[in-house]
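The structure under discussion is supplied below as structure tokens; questions concerning it will follow.
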């Protein structure tokens, strides 16, 4: 089962109105070549799920600047002034979610859990309109799972079966979003043959991955 | 401002550093709190977490130390110490939410005598988002607010915060260049005061009423 | 038993193997279901998961292949294929609960026309526990029960299970040595029958009423 | 910070009535030397949390046979006939929990979540007496977190700071229980100096670990 594809073969997967999860933390660990492709295809009305909206010229920040996103679910938008501007103009819908809650909601989506129960956000605006559940005399927020049509993952060394290793803090959201989308595409820094990766280094088993493309190093 | 800003930040960072104990896992917020790392007492070993997915974070990386895959939560290139390791965001916030972080040090827009903290939004003006702050303040065993005592001369320490909260009643200690205030059931207790200011001065710059204990001390910042 | 037990198990395993499709992720329960791995059609590639923490599981390990750190969910030493990998139990059941397993094949004490399955406890007699079975039956996209049609001559396929359930209304297909039964809203449809038995024979060994479609086929098991 | 200890130094941590989580799946990945120690000290009234009760002569199965356990929370007890026997005699309390639910409950304990929401067990005995929550028209069981006084982890290569790698399927419950106990002791197959493990191989960061002891290889 060889999952290596050319960037051109990924092109036909992209559609307007998709919900897309993208890995990365302020651009570190974002698959830039796949972002290039979305810009090139000028996919519109994207619902973007990511930790942050990066910077205007890096990572998913470029999709915001290019007006391709209609809604973003993220924990932080402060480093990309364009996000705030489009939000204030009413053309971009922004749902802010605490970072730990956001990543755990994505995991719940990927792992078949009905939601998560966290104390984060209790007594704040984040709790508004959400169900509270009392457990052991403590109040928890019920936060709902997130899933996507497409997850764009940045991997370090990836084999033909889609087994993925990561490097440093570029790992961040990547292994989690890889569990929570209908189609999972990994942009690899380096592609190797099946069996060439030490099995104990594999973080994302290939069974989660649909396609692998070669990215920059 | 009674004390020049650069000096004030140094005082705050030095005083916060004295709160840390050997073996603790510590998360420093971006901005002023990151300065704390420069003043850790030499006889203790503190482990720094960066919520983007690392423990054992070292200094900012320079020259050949730079690895573009190793950044702090502010996006800057940093080094990792020999004992350090990397993990995904779920584990990072599991460490935070699960009470494995001993101390978190954060800045504030406002803080109040109930231990409420506001540092993520100024409605209609600035909406950066909460990032990991809400999880950190909710989950860490000890929450220290490290900030300049005032903003453009106006108090930042209130009876009740006006801005939307980051977390409810979670702050343990407020450290500014003017003093060290502990959040208690009775209100804010001024345990330490900068030797260069008077109690009246600090109270005049604080909207909340400060409780002055009999054994109030001078801030040790050397 | 109409068909000798060893032969019966072979028929079941061969027929289950024909249900699997290229690229599918499959979990085989311990006992009879593990035999399915021996009959995968040569032209397809199926990946086996072992819920103790592996995908890409190979055959039982022999001699020098044995690595005491690589076992299947029955505790036997197995090999791992080049594309395989290991993970902790949280990810293993995330794969299962999250719908990433295409097919699970399990044995049963009882199964019924509603798709209910009982295979983890006989109150007062045998209490092995459910292990991973409840998660597998609940989470897998397709649930196949693979079992001998009867137990000591008594039916195991009921209108309603008598024993405590493993999961409610989750079974899609029942494959025994006598036939292939699909769980539908109308009841159990006998889509295929072993060419060596009659419809009357299989119905007499089944407590639930079987629906016989016009296009009933013989089981293909070669 | 050197966390290496002799077995003798671990001895004084052990107390009667402790709740102890132990890694392993049918004995694969169980720290046998630490089990030896508990038997040697004859610690009594243990609440044991583990995937299974192994076999009579292996892993945690030996604690059952030696009558040191008052309650066990596990997913499977069928391979150790002694567990069923003591349960039927009324001297051992057994709480059976689906395996995926069990490990996720432990993670919730370690990760500060209020519980988990799963469809596993709906419509079965497992659901009895538990709160059900409807999300998106589907019914989920609320299952509560588990924590312990002590976690006994089996690691492969472990460094002096307590960074742990695992090997093969011996990983199983180990990395999760390492997050959910007041005191975490790792039995290492091999101990190395800090910095000697490839950071991308580390599964359990040393910040979770209190003590490391040398076990068999």
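Each chain gets a letter, A, B, C and D, in the order it is written, and its residues are counted from 1.
By our rule, a residue touches a chain if its C-beta (ideal position, glycine included) is under 8 Å from a C-beta of that chain, and two chains touch if they have at least 3 such contacts.
Treat the numbers as computed from the prediction; the structure is a model and nothing was measured.
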Of A-C and A-B, the pair joined by more C-beta contact pairs is A-B
Distance in whole angstrom between the CA centres of chain B and chain C is 56
Chain-centre distance (mean CA atoms) for chain A and chain D, in whole Å, is 32
Whole-Å distance, C-alpha centre of chain A to that of chain C, is 35
Rounded to the nearest Å, the gap separating the Cα centres of chain A and chain B is 29
Residues in chain A with touches to at least two other chains are numbered 104, 107, 112-113, 118-119, 166-168, 199-200
Residues of chain C that touch two or more other chains sit at 80, 86-87, 90, 93, 96-97, 139
Chain pairs that touch, by label, are A-B, A-C, A-D, B-D, C-D
The answer for chain B against chain A in the complex is residues 50-54, 67-71, 73-75, 80, 86-90, 92-93, 96-97, 121, 126-135, 138-139, 164-169
Per the touch rule above, chain A residues touching chain C in the complex are 1, 107, 109-113, 159, 161, 163, 179-180, 194-195, 199-200, 202, 205-208
Chain B contacts chain D in the complex at 23, 25, 45, 47, 49, 55, 80, 82-87, 90-91, 93-100, 139
Interface with chain B, chain A side, in the complex: residues 25-29, 51-52, 74-79, 84, 87, 94, 96, 98-101, 103-104, 107, 118-126, 156, 166-176, 203
The chain D residues in contact with chain A across the complex are 104, 108, 111-119, 133, 135-136, 138, 140, 142, 144, 165-168, 198-201
